[in-house]
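Same chain, two partners: subunit A is paired with subunit B first, then with subunit C.
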Partner chain A sequence: MTAARSSLARSVAAHAILIAYTLIALFPVFVIVVNAFKARRDIFNTPLALPTPESFSLVGFETVTSQGNFLLYFQNSLIVTVVALACVLLFGAMAAFALSEYRFRGNTLMGLYLALGIMIPIRLGTVAILQIMVASGLVNTLTALILVYTAQGLPLAIFILSEFMRSVSDDLKNAGRVDGLSEYRIFFTLVLPLVRPALATVAVFTMIPIWNDLWFPLILAPAESTKTVTLGAQMFIGQFVTNWNAVLAALTLAIVPVLVLYLIFSRQLIRGITSGAVK
Partner chain B sequence: MTALELSGIKKTFGSTDVLHGIDLTVEEGEFVIFVGPSGCGKSTLLRIIAGLEDASEGTVRIAGETVNATPPAKRGIAMVFQSYALYPHLTVKGNMSLAMKQEGAAKAEIEERVGTASRMLGLEPLLERRPAELSGGQRQRVAIGRAVVRKPKLFLFDEPLSNLDAALRVNTRLEIARLHRELAATMVYVTHDQVEAMTLADKIVVMNAGRIEQVGSPMELYNRPANTFVAGFIGSPQMNFLDAAALGDTTAKTIGIRPEHIAVSAEVGDLACEVTHIEQLGADTNLYLRNETVGPFTARLFGEHYFAPDSRVHVSFDRTKQHRFDTEGQAIR
Partner chain C sequence: MAAAAPDEHKPARRWHIAVFLAPAVLVYTAIMIIPLFSTLVQSLFGPEGGQRVFVGLRNFQTLFGDPRWAASFWNALWNNTWFFIIHMLVQNPVGVLLAAILSNPSLRLRGFYRTAIFVPTILSFVIVGFVWKLILSPLWGVAPNMLDAIGLKHLFAPWLGQEGAALTTLALVSVWQFVGIPMMLIYAALLSIPDEVIEAAEIDGVTGAKQFFKIQLPLILPTIGIISILTFVGNFNAFDLIYVSQGAQAGPNGATDILGTLLYRTFFGFQLQQGDPNMGAAIATMMFLIILVGVSIYLFGIQSRMRRYQF
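So, the complex of A and B:
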């Protein structure tokens, strides 16, 4: 940085704002994680204190691992998230490619129709979705959740990816056509690698709401064998007594896989956000 | 044999007509260059020849075969793009051999052709590199090499030099000229740089607003332009268009006279005028002049000369080299 471009006061202010934002964003996570390692009494007495040797307790984790099928719930969540994510990325990218690459009648209309889902929450259709799932016998299956989440994630994915795909050089695609590559090869080997940062961005924005969702698991797949982590954690929240240790421990554990997935994508994500800014 | 034959090619995008009926034949071994202002449809025409775009009307015949319904890869063409368009995930060698692999050629044959092409273009030390590790000039050479490897019936170039800097442009231009001689291949080349057009072409096709204005050899276009558009487009600085009446010619509307066909002298000449600006380029000198009745015009003198701005000079037009145009802008012969 040159002196002309940065002053101490300005960079202090910028950092102060960023740090404040980080603290606010991390505070709930901090409270959950910290209290997951404390005894029940200490959670209520000193909710903001770090666990001390006296207050430290793993009772929550013990409850979680001994009661219920938490491993199964994790597995369900992971299957649903990963499969839905893969479907969203694959079909979203393919639809985006078609919309940005081919001129056909109704292209714009189709684009608008596919993007409509961004503005209309899928939950408005819950009753109809439930009826469809009942009619097709998919209630209490992971397939039901995967289908719904794929539908939920596609609009934004198509919207973002088609913008990015428009920026992929026409010459490159045409060179592929002249050299005899099929449209599928052009899509998979030339276009997809070039929009990888956008794919990562879409992946993160798609994945987190799916992992955290409570609504559809509760309605479409509440059976013991298909419960997801978020739904599973609810069993510790009773009408009269809530096992806070267990709830907090379950939530803490639930953060881990999504954090791992995020870290996988984040390198690409950062490149996506800054791409074009720096060459 | 005719290498390429276009008849009645029209192209419409939605409601805008981009090409209004193009007829053209290209003989085998010819180097044909499309020139014209930006947006006149040169690239669109090239893409129709390549099969990357469908013509709204008309037929494209390559080596005697109608190829309207043939996909690009089966037309026996190779194309070089302005932005190089190398496959970023493949090495130089991979880039050059991909098309042949797609055609299912034998490994040994691929090796041999890639070897020949890379020797021809001096690409041997670069074969294992990826496009990101190459300079702009090297990338364009690889793109040309990729076209050469295919041994196409028709080479198509879409402004291949416009992303290169001036020095590289001259080098690559020479390279392309040499390639054309060595391969004796038919080449169709799009540019809006008239120096490229004049130096490379056997035949120049001047296009304007989706129509062909004139087809001819560089010297034909320079010496006998068919209309004011071609006359103004070919030659630099531009031809002067002067009002015929002011020069005492009543049978023409406009007189065109090239800047290099004007003699300038401080003392004697047909026309007295004022110097408004002077550009000295060393090898030649451009004089911007103004006369009260004729208006502003440009003169180009060879060698070093100096006339102070605002001074008065006398000019004589070489009337044997003048071009006469009627009210429609068509040349009167």
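So, the complex of A and C:
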């Protein structure tokens, strides 16, 4: 009886702590999104109330769509993220396959070399990266960002993927070799499909920092035509500081797509963190 | 190239290894390793008579000898250290607490809590910085009103504008954003502890908080180590949050200046000061050394001494 009561008390306490923290985590996002749909007066008078028919207003979004190039920024972010992600996954999987499948001289050394970038942030090379991009005429192009993010994402991708590729059965690959498949066919048709869950995990880990990065867009591609959403939102909000409707609307536009993607992929992401990353 | 070297004796048969490695090694070497080393080398050069010439350690002499440079460097380094200390003191304990509660298998709504608490982590610094700037703004009054509701209005102050409070406030905002990562990693580590260990503890009468501190906590120490070093590297490389909420000047009066913002200002210049790539490279080199020392202490001092339990 007392045991049951104490376990009930403990469960209530656990839920109380978790609900409290969930409120802390979600409240700021909630306040921003709710107020983006209100008229200026109501943003200040009743910041915590949901929009009502009287207070509802889209004036902020009108300012954003007429003054900012958010559609273009979205397009830029999407191109950069998707292309860099594809490069990281393809190149990373190929290198991971070479490291985990073949014994060759310098294998361990190559693995360590490629793993350096997990601990040393690429930002520290910014001075020289900018010079390289200036010299090759890539400043203010999306290519510059794609190259940098590919290099940034590769070390962790190779590290995680080679762990997974070691677990692919040798019998399967040897059977493929007996059947006369080339090493390339073995990689693309046998191994890659088997490590798809690992690829998904790596994809999520690679995508979030690319989409959210401010440093490299600010330094390598600050032109209007190559701004990413993160940089675009930062500059837009900087200009419209006093226009609360516009600022809240811009923030909402930046939050909602990421949030929707997260809710779709959260299971994948969480499974990835709880299985692969802890090794 | 290193990738092709192994093929020497049987070149015809093993070209595919080089082909598999080449794209990754090329991009990684050209965009990451070479610029990194080139940046380190450039910290030894400086302008003289309109040209960049080798000046040895002069940039570092300026950085540590010139009172203005030295003051801003030590200020940024100390602020950065404080930023890291706050993360270690708040982020890790909160992460451990949340993970410990979540790892209870009989808890309902686990998936919901996990998903919700992780939301801030996926948002960009730009969003996080502005969201908190608005909420803490005395103009809008969301934070003062909420404190008023629980009778603590007198505690409110425009924290982001106060020299004493701004850095700690921003560190807590950063903790708010990233607490999901330690929570998830520790949660995963707790789940990987086999049931037999827990059952054995229960049979011996070790339960509740005592069980957590005596059995689970020692088993997740390696994970806490990994989280600490990830936090260290992330913190000493931070820039975005400060830049977004306080600008490149890292106000008020440099109170929130960390190494990342100092590097940005030095490299690109601001207002009247000219940008200086060589001094920027010198600061990047110092950041590199700090991170290298931190990572080495972790790898050789902590990780190698920690016992890993294989189940």
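One rule holds for everything that comes next: the second predicted complex is superposed on the first by the 203 of 279 C-alpha atoms of A that agree within 3 Å, B and C clash if a C-alpha of one lies under 4 Å from a C-alpha of the other, contacts with A are read in each partner's own complex, and residues count from 1 in each chain.
Quick note on the criterion: a contact is a pair of C-beta atoms (placed from the backbone, for glycine too) under 8 Å apart; a residue touches a chain by one contact, two chains touch by 3 or more.
Just so you know, these numbers come straight off a predicted model, no measurement behind them.
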**Prompt:** When both complexes are superposed, which of subunit B and subunit C contacts more residues belonging to subunit A?
**Reply:** C
**Message:** Looking at A:A25, would you say it contacts subunit B, subunit C, both, or neither? Reply first, second, both or neither.
**Reply:** second
**Request:** Report for A:V139: first if it touches subunit B alone, second if subunit C alone, otherwise both or neither.
**Result:** neither
**Prompt:** Who does A:L72 touch here: subunit B (first), subunit C (second), both, or neither?
**Reply:** neither
**Prompt:** Between subunit B (first) and subunit C (second), which does A:S169 come into contact with in this model arrangement: first, second, both, or neither?
**Reply:** first
**Message:** If we overlay the two complexes on their shared chain A, which of subunit B and subunit C does A:V178 touch? Say first, second, both or neither.
**Reply:** first
**Asked** Looking at the overlay, what does A:L156 touch: subunit B (first), subunit C (second), both, or neither?
**Response** neither
**Message:** A:T189 in the overlay: touching subunit B, subunit C, both, or neither? Say first, second, both or neither.
**Reply:** first
**Message:** By the touch definition above, which subunit A residues appear in both interfaces, subunit B in one complex and subunit C in the other?
**Reply:** none
**Complete:** The answer for subunit C against subunit A in the complex is residues 2-3, 5-7, 14, 16-17, 19-21, 23-25, 27-28, 30-36, 38-39, 42, 94, 97-98, 101-102, 104, 106-107, 109, 113-120, 122-127, 130-132, 134-135, 140-142, 145, 176, 180, 184-185, 187-189, 191-192, 223, 229, 233, 237, 239-240, 243-244, 260, 263, 267-268, 277, 280-281, 284, 287-288, 291-292, 295
**Complete:** Contacts from subunit A onto subunit B in the complex sit at residues 169, 171-172, 174-181, 189-190, 193-194
**Asked** For subunit A, which residues count as touching subunit C in their complex?
**Response** 11, 14-15, 17-18, 21-22, 24-26, 28-29, 31-32, 43-44, 47-48, 87, 90-92, 94-95, 97-99, 102, 104-107, 109-110, 113-114, 116-117, 119-129, 131-132, 147-148, 150-152, 154-155, 158, 182-184, 187, 208, 211-215, 219, 230, 233-234, 237, 244, 247-248, 251, 254-255, 258-259, 262-263, 266, 269-270, 273-275, 277-278
**Fill in**
The subunit B residues in contact with subunit A across the complex are 47, 50-52, 71-74, 77-79, 81-89, 98-99, 102-103, 146
